[in-house]
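These notes are about the structure you will find just below.
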Amino acid sequence: MKGVCFLLTLVVLALATSIATASDPSPLQDFCVAVDEPHKALFVNGKYCKDPKLVKAEDFFFSGLNTPRDTNNPVGSNVTQLNVDKIPGLNTLGISLARIDYAPYGQNPPHIHPRGSEGMIHFQFNPEHTPAVAFAGLSSQNAGVITIANTVFGSNPAINPDILARAFQVDKNVINYLQKQFWYDNN
Amino acid sequence: MKGVCFLLTLVVLALATSIATASDPSPLQDFCVAVDEPHKALFVNGKYCKDPKLVKAEDFFFSGLNTPRDTNNPVGSNVTQLNVDKIPGLNTLGISLARIDYAPYGQNPPHIHPRGSEGMIHFQFNPEHTPAVAFAGLSSQNAGVITIANTVFGSNPAINPDILARAFQVDKNVINYLQKQFWYDNN
Amino acid sequence: MKGVCFLLTLVVLALATSIATASDPSPLQDFCVAVDEPHKALFVNGKYCKDPKLVKAEDFFFSGLNTPRDTNNPVGSNVTQLNVDKIPGLNTLGISLARIDYAPYGQNPPHIHPRGSEGMIHFQFNPEHTPAVAFAGLSSQNAGVITIANTVFGSNPAINPDILARAFQVDKNVINYLQKQFWYDNN
Amino acid sequence: MKGVCFLLTLVVLALATSIATASDPSPLQDFCVAVDEPHKALFVNGKYCKDPKLVKAEDFFFSGLNTPRDTNNPVGSNVTQLNVDKIPGLNTLGISLARIDYAPYGQNPPHIHPRGSEGMIHFQFNPEHTPAVAFAGLSSQNAGVITIANTVFGSNPAINPDILARAFQVDKNVINYLQKQFWYDNN
Amino acid sequence: MKGVCFLLTLVVLALATSIATASDPSPLQDFCVAVDEPHKALFVNGKYCKDPKLVKAEDFFFSGLNTPRDTNNPVGSNVTQLNVDKIPGLNTLGISLARIDYAPYGQNPPHIHPRGSEGMIHFQFNPEHTPAVAFAGLSSQNAGVITIANTVFGSNPAINPDILARAFQVDKNVINYLQKQFWYDNN
Amino acid sequence: MKGVCFLLTLVVLALATSIATASDPSPLQDFCVAVDEPHKALFVNGKYCKDPKLVKAEDFFFSGLNTPRDTNNPVGSNVTQLNVDKIPGLNTLGISLARIDYAPYGQNPPHIHPRGSEGMIHFQFNPEHTPAVAFAGLSSQNAGVITIANTVFGSNPAINPDILARAFQVDKNVINYLQKQFWYDNN
């Protein structure tokens, strides 16, 4: 039962570390369910709207958020983002949700959200020997996530190792070692 | 166990019906923990910021979100708003969270959020004979809530019953009856 | 002459009860006259822009605002919205205008504006035995209007009467009666 | 009667030339009635809020908008701005209103609104031999007005006449003449 | 060497007179490189986004900002705007840059920026007998520029000279003279 | 002379990597020069405004931007931020400027701006054997800067090294070594 208790304590912790610096454009309609139009080769900032006459309840629904996720991975966590790609009805509404599962002693490693969400480097850590789960609200329909280690050492093409060696004040061999790792993406 | 399963299905439903039309002012600092300064008789839009040197981890923390709330009331639901009044660290950050407990067949009656959140009249209903709970994200540090029935029929001072009788197309006796009820506030 | 005097007094009253909580996206061009492109089956949040080379003075013009409207209807009022659907030049500009005519003792029944305008439930009432008129500014190119009674009791499909009976604390027969009424839309 | 007819036609014209490029901060409270606190020597962007417990209906009210204004002045017009200085309840709400009276053949000379309203140079002209009146909505609680001629030729201290002579491609004597005029402010 | 020293002093001056009143819509993607789609006859507020898979480093690059511009013109200045038309990668990002070259005693004549930038009438003047240069940041991807003299006296079609004579309190002959000038555009 | 040429090429590069995701609150006055009021123990989001009657030209001025900065430090660069702390007149205007000096082969190490500016991890590098300089515009009056290495490995109190060892996939000895370094701040 400890895991379940911890879970709900973590909700607030996750909220405290998931706060916002920006906002999505305001809606100009009651809803604007997202659709992709790749065959038109036209892209807009965000998403097109579905024809209002074709909108269905399912456009605002996501099933299975109650299923625990697999956290058997290098960082011991698994992030399920409920953004506009998963719930097209969120389009233009400036908010999304995430479920984060943690293995015992698992972590959601240091990261930032480039749009609509804090911008400070933050992480979460489960200090217990039982699994935990958190729910977080983010103030954008698509807050994005940039994991620090993956972006700095796992970018493709790679950043010049001489530059990183100076920036991180370590020997170039450490940088070379880091750039050869497989950087697991828990999102 | 049915209630627990239903709980997590409702999370998305609550999200779908708790979406946003406005945004808080952007932060100009890393944080701006809210403080009240009533003895100064100066009020601003929102809250003042705490002296950054006095900010503590507790300013971003709320304990006890895991405790089920009492839903033994006329509408069969109980809303715990985690807004800037409860978590002062949310000040200027444009997001808040709510826990909503539902009795079996309980409802969160028709309402709107005047700031930062949908603006459409919406409600939630628990169609099961077991309790349920939902977590909702709202796109304001203080979205507010206006319960339709309480506001229209329970306002103080009361709205002229002749006006309401015409607006709701009922006999003035029905309005008089409604204005004499006790309108329970589940927030 | 009383009606004319009252008319202009009401202008300010209407303004006081027609204020704003949100904003439209900022313009990125001098103007962006709205056009519909239904045959393309592409919808955006708001409206497309007309080719700037084809824009005409008429796109910013609406004639006949000086004609009194017919207020011979159940609520005794008539709202003429001058939003982006009527004046395509308002597209992206975040403002619109409305003319509201009142019969003697007429009302604009309790309503909210879901986008760009107050969000509080409000109404206007003409307490005089002469007609009146008001002009209101709204802080969105398309503020929308949700009339409380029409939405709650006249929605299609209908809301479960058991839920409404509990929310409004009346007998289910009252709800059934209300759901059978014709709900006049004065907009 | 011609004047009255023209009046209402002008409403739309005024609207078409009074459109918006910016927005006020969103409200974080139901209302935030403006108060001045000069004795505190503290100024904020906009206005402080009145103690909510002291707010009165009069804070949202302005009387006398129905009285025609005196237009016997050099430009033949008179602008009554109903901004937050006149109606303190407009504070944080992002909208204001103006009444503009025109003498026969009067004009509201070329001007811009620096905050919350179009930004393009515009003017209104009454082409009739009867008085006219317009009502305009502006998308800021305090849109401001900068009359072109007054600002360029009537600023205090004066702009170097050599600079203005080159900018306006006229002889320096013309600039000297203009800088000696009395520049009437119709606001 | 005096010119070079003056150059860098002017940078701050230019900034002080190039400040902002509005903001572009927030980005909903990491980038949204601008493309024009004129053959589709569809226009949006701002620009479409390039297919993310086709974005190149060049979309964020502009070469030759180090080359002094020709200032041998009536106003003695030359503005190079680096807005979204020149650097398509600025699309949705709410900022642009400008290089302004000044001849000895040259000026950037009185103007305003209708979108995302101050809105107050301002100008810059090089009081030295050596050339100067300034770099300015503007808070929009496309702030626009309206030169006062060109717009008032050089508009096409021309503004009625009777209206301008009254607005600028000069003889109609002066207006006729001004409307016949060639108004050089230094942008 | 190579250095000077490179300098101006870098301007655009710096711009391309210094773009924006958020916006400051809109101004409600022509200007709102920042003042600190620490003796009042009242803090707001951003800054208070100076009494408009006491505003001076110096509030919008910063001298010495033309002086090259000392880049003899571990990263080989020096950032001069011209934000609201340096130019109080920028308050509420949503823009700031920075001068960045680079030693030969110097770098501005990987960092993010938490407010009003890109949010993506970025860096600049001078690939030449001569000094270079860049000017960057940022879309906030106080964009802030978070240097990745300093924040992750130099925070006080230190982050648990076990957590960082797992996040960066290196031996705990490497983390211990990094946490003992002096992390130079080039801002």
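A, B, C, D, E and F are the chain letters, set down in written order, and residue numbers restart from 1 in every chain.
Convention: contacts are C-beta pairs under 8 Å (C-beta built on N, C-alpha and C of every residue); 3 or more make two chains touch, one makes a residue touch a chain.
This is a predicted model, so every value here is computed, not measured.
Common neighbours of chain E and chain F, by the contact definition above: A, D. Common partners of chain B and chain E, by the touch rule above, are A, C, D, F. Same interface as E-F, judged by over half of the contact pairs sharing residue numbers, among the pairs A-B, B-C or D-F: A-B.
Rotation relating chain D to chain F, from a C-alpha superposition: 120°, rounded in steps of 5. Using mean Cα coordinates as chain centres, the one most removed from chain B is E. Annotation: the chain C:chain E pair of sequence copies touches via predominantly different residues, less than half of the used numbers being shared. Chain geometry summary: the mean Cα position of chain C and that of chain D are 26 Å apart. Here the spacing of chain A and chain C, counted between their Cα centres, is 39 Å.
The distance from the centre of chain A to the centre of chain D, with each centre set as the mean of the Cα atoms, comes to 47 Å. Multi-chain contact residues of chain C (touching two or more other chains): 21-27, 30, 42, 44, 46, 114-116, 118, 120.
Contact between chains, per the stated criterion, is found for A-B, A-C, A-E, A-F, B-C, B-D, B-F, C-D, C-E, D-E, D-F, E-F. Residues 21-23, 74-76, 107, 109-110, 112-116, 118-121, 123, 125, 146, 148-149, 151-153, 159-160, 163-164, 166-170, 174, 177-178, 181, 183 of chain F are the ones that touch chain A when the two sit in their complex.
Contact residues of chain D toward chain C in the complex are 4-5, 7-9, 11-13, 15-17, 19-24, 26-27, 30, 60-63, 65-66, 82, 87, 89-90, 93-97, 118, 120, 135, 137-139. In the complex of the two chains, the chain E residues touching chain C come out as 22-25, 41-47, 114-116, 140-142, 144. By the touch criterion given at the top, residues 25-30, 32, 37, 40, 42, 44, 46, 48-52, 91-92 of chain D touch chain B in their complex.
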